[in-house]
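Labels for the chains are A, B, C and D, by order of writing; each one numbers its residues from 1.
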Amino acid sequence: MRIGILTGGGDCPGLNAVIRAIVRKSVQSGDEVVGFRDGWRGVLEGDTVPMDLAAVRGILPRGGTVLGTSRTNPYALQGGGDRVLATLERLGVDALIPIGGEDTLGVATKLAEAGVRVVGVPKTIDNDLDATDYTFGFDTALGVATEAIDRLHTTGDSHHRTLVVEVMGRHAGWIALHAGMAGGATVVLIPEQPFDVDAVVEHCQRRFDSGYSPIVVVSEGAKPKDGDWVLTTGEKDAFGHVRLGGIGTALASLIEERTGRESRAVVLGHIQRGGTPSPFDRVLATRFGLAAHDAVHAGETGVMVALRGTDIVRVALTEATAQLKLVPVERYAEVEVFFG
Amino acid sequence: MRIGILTGGGDCPGLNAVIRAIVRKSVQSGDEVVGFRDGWRGVLEGDTVPMDLAAVRGILPRGGTVLGTSRTNPYALQGGGDRVLATLERLGVDALIPIGGEDTLGVATKLAEAGVRVVGVPKTIDNDLDATDYTFGFDTALGVATEAIDRLHTTGDSHHRTLVVEVMGRHAGWIALHAGMAGGATVVLIPEQPFDVDAVVEHCQRRFDSGYSPIVVVSEGAKPKDGDWVLTTGEKDAFGHVRLGGIGTALASLIEERTGRESRAVVLGHIQRGGTPSPFDRVLATRFGLAAHDAVHAGETGVMVALRGTDIVRVALTEATAQLKLVPVERYAEVEVFFG
Amino acid sequence: MRIGILTGGGDCPGLNAVIRAIVRKSVQSGDEVVGFRDGWRGVLEGDTVPMDLAAVRGILPRGGTVLGTSRTNPYALQGGGDRVLATLERLGVDALIPIGGEDTLGVATKLAEAGVRVVGVPKTIDNDLDATDYTFGFDTALGVATEAIDRLHTTGDSHHRTLVVEVMGRHAGWIALHAGMAGGATVVLIPEQPFDVDAVVEHCQRRFDSGYSPIVVVSEGAKPKDGDWVLTTGEKDAFGHVRLGGIGTALASLIEERTGRESRAVVLGHIQRGGTPSPFDRVLATRFGLAAHDAVHAGETGVMVALRGTDIVRVALTEATAQLKLVPVERYAEVEVFFG
Amino acid sequence: MRIGILTGGGDCPGLNAVIRAIVRKSVQSGDEVVGFRDGWRGVLEGDTVPMDLAAVRGILPRGGTVLGTSRTNPYALQGGGDRVLATLERLGVDALIPIGGEDTLGVATKLAEAGVRVVGVPKTIDNDLDATDYTFGFDTALGVATEAIDRLHTTGDSHHRTLVVEVMGRHAGWIALHAGMAGGATVVLIPEQPFDVDAVVEHCQRRFDSGYSPIVVVSEGAKPKDGDWVLTTGEKDAFGHVRLGGIGTALASLIEERTGRESRAVVLGHIQRGGTPSPFDRVLATRFGLAAHDAVHAGETGVMVALRGTDIVRVALTEATAQLKLVPVERYAEVEVFFG
């Protein structure tokens, strides 16, 4: 059997573990694996690399993806879908395992409808895919964010200043929620719960009153409750680019003003998605890869592998991408116990 | 309400996070928390420490337990059960939250039967409790073991020698299974699957043939399949103590002999259970603590909190301690894909 | 003997190790230690804390300073110098050990001239003090910066984009130099060597041509060579604060424009100065503390402890603060070997 | 120019950084680099690998040595020296850069005397080479040992038991000294200072009395002062191999017996020498590689590069290997301040 694989969208620690698992299992079962470079771009252009044992040696502990990635969406291009089908036909690809997020799996869904045998592997560092308990990469990002918070506690306390840590999470606040709980944050702000500025300031003040300094953990997509406080837009940097400071920087200014104490923002950015995957992510990614190969051999199509409890299951691709997994109010209530 | 807490058995990263969560939630709900020192010994002897906000400041990222622990089992002592009941009565303890493993929860079960309001929090670094998907401490141990394996790969390859890593796991091989999968081990040996010596040697040989050096990950409780190879016992160290080298050391000797290449054993031992808990464990332990407090307030008794998927649920203590959670054969088959 | 200690200026991993060493050695020699809170503010206001064994338990591995810190300079205040002398007199302080940077040691110098027995301990995370081979905190910051670069390599390569990492170093480029060399940076830019924009772009381009993605490490104080490219100032954030993106963000924009490939900036900020000190820093800080106590007992004043090779020596405070230690051109030439 | 390189003896984090630096600098200067596999074995047998840019891509952060290593000593073999000279002649090697410890540099010395242009790079994880302030690998080993000690503190305290940590150091106690100081050990035992058993037990007892548990850090080569306590030898493991428990295990038994409290030993072993080098080691190793290349180009022979303060200097090979660098009594006195 000839299996095509590709990685699309933002990179995520664990992608290489998925790739390696598919290749190792394929070698065992006598299948051949074709890697497409840079996501759907490689499929569109027939840009491939043979994935044998040598190609996956030593990649398990490495971040990123040896296949490269891109945000290319074939269905956004004139005749893109047909070109994809043509490439698969020409290369004799019997089944395709795309590893990616909403966008990549959306393309996968359409290909499945077009008759291609497709088994998806979910990837989102934000952990916001509804059909699976966890996605790989999330635990690694959580580790980076928590280590940063651990580090900031002592510097904050020494200077009696507030530290605001901005973490990833455009629509879902999972990283902020877990890192805030694991790091002992004074306040955690997430997109799902528009925040009250007064309450944030009050929690910080209460923390100062107790003799310690506040750490505020905020998702990049968090927003204030009341419409009266907004991030202005349109400022430009030295090159004329709009480089607006995000919510973290804005909050730090606000808290400084309102508490009368120094405040600093730290924007973790890309270090959250790079580097060696945590053991949890390596195991999850490896199991996803093995399970995707199994699903292909079982003749499945239009499905995605997913984690449920400790089991890897198969769910319909359509169901998988139907809605975002947001932080429910009772989970937020858990972390609120520790505010202030 | 007056809530007693204690930690029993071997220590585990995350115990302090449980303690902190119970105390923080209790402060919020107006309850008082009494800490018993060194597990059931503290209850037997009425050795207590008041657990207020100050007592739990800064303990979230710290390993071990601020309450101390012991392996004391009151029911193994003459009149021990009665002394426990008397202490609880005398101190006006309305509910008890024991945090511990099989032994500690066994005592908890008996106390519940004796009419004490008891809610248990499960703790086993080996992850071998059947009623919960994961226990805290396991992910931290996994992190230590995987980092060690990562380190050993390059030194093994440089010297063309086999490295055997012995990890915790007396009855269940979860740490070996996950660390072996995460670390890219050549062979993984667990108690649940008695191993074939020839097969182990063959995997190592195959690894050497491919130009790399083997890493063998072995649970302390793993055993060979055939009765013909046994660990001799009875050797004594300089002080007359029996200090038999474990399975790791024995295997290293055997592999050296059979492959004709140098072999070394590394026994990770206590560094697996010490140190700061991983973010995963801090979150799980915190949620367990909060859920235990909720269960107490809900009037529950004879139950234990447990993780099922992403939810914290309550299960009967009797059910919880009924049987060990062993590595099923299909999970072992996953890691076997990577042998050799 | 009664010894006063204080920590001034920005916090730095290792401060607690210095404090602990002074206290432990004092207990051994029968001296008493008085801690002043928040640097010179504590001396001005007589805000003290007794530093005994209990006060230093467990602080060795902790970042920050248990004494707190501030940027208060008594000589910048009306009558500040006299108030300091009065406090020391009143509290019967026989000798003072201030731990701090240029500013703190400048005050120390004046106090020595005023007849106070003063032995300084140098602290600068930027490693820019000329009289000592290394200062504690630098190695820890280097560790954080290098780990970040390690993480960014794989995400950069996966997306074929440039990553610019801005590290500390206002006047001296030591952190950028060492982290850039340790992390395998494509270009390293430091304040001592105004950079040529074209050359930077060319190095990045060359890296892309080789099939990998560039990492640019830049000190916060680095500046372009030619006057034609400047960072504009005066932009304001949502609160009207001037929150100009620094050199890292500006460079990322520039490189993106000139290479035609995506570029992202990561500003490490405060995580570089927080958290547990590296072993190197713990040892250096401990030895500094012991040596400062020895110098006090030897009757020295107006001196500072310093590292020369593997020895801790004493140098005149005046000499110590005379000039910054900048990166010499031959050290920069070393890292230039790896550009492109 | 044609430069030969090889790595000999035990592996050490940083070897790859040296190799990469030599190759990168050689590419810049138009030299060719020939790598010999597995130390002197590769020279004896003419087993080589071309070392170009591709060969050193990505190796900077990796432990071990891509060239492989062995303990082969050509001068211990009949006609070995002549075979080495013949290989160098045949391959047209103009200069040789051996990277290794006492043994490897001893061979280098003889080759220099035989007229080969040789520049050595020192390597010893134990840091026991007298001619250089530090060798790479030591800081990484220190990091592993210190992290282990950090982890063991909390588990020791929770169980009120002594933990003995055995670290590398056969003749010199540098790792124990620095890790013990960095980790806050209760006692540190090194080969240079035969220890008094009673004093060790007393320090442990004192630590217990203060409410905490002792950590004893011991070099593998440490020995008791009095002849009356010796490690018996000759015990055999399951395979008839003599696998005597080392000093760590023996000490743990002794302390348990004498304090009446549980005691456990942890033998760190090979994890100390594996894994990614610390930033300090990467910088030092890179600078050693560059400086060795410079020395070759400067026409030097019979020299070794060495660290003095912050400078890389050249010293005679004969001088370099003349004597071991042992821990001086005043350095041990520093750590003794913290005993008990």
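By definition in this document, a residue touches a chain if its C-beta (ideal position, glycine included) is under 8 Å from a C-beta of that chain, and two chains touch if they have at least 3 such contacts.
By chain, UniProt protein names: A, B, C, D = Pyrophosphate--fructose 6-phosphate 1-phosphotransferase.
Keep in mind that what you see is a predicted model, and the values were worked out from it rather than measured.
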Inquiry  = Let me check something: if the centre of a chain is the mean of its CA atoms, which chain is farthest from chain A?
reply    = D
Ask   = Per the centroid of Cα atoms for each chain, what is the distance between chain A and chain B, given in Å?
value = 30
Task = Please work out the Cα centroid separation of chain A and chain C, and write it as a whole number of Å.
result = 34
Query = Which integer distance in Å separates the CA centroid of chain A from that of chain D?
reply = 41
Query = Which residues belonging to chain B are in contact with no fewer than two other chains?
reply = 150, 276
Key: Set of all touching chain pairs, with the criterion as stated earlier   = A-B, A-C, B-D, C-D
Key: Of chain D, residues touching chain B in the complex   = 7, 10-11, 15, 38, 62-65, 68-70, 144, 147-148, 150-160, 163, 230-232, 235-239, 241, 243-245, 249-250, 253-254, 257, 264-267, 269-271, 273-276
Key: For the chain B and chain A complex, residues of the former touching the latter   = 21, 24-25, 28, 53, 57, 60-61, 133-134, 139, 142-143, 145-146, 150, 178-179, 181-184, 210, 212, 276, 278-280, 282-283, 286-287, 290, 308-310, 334, 337-338
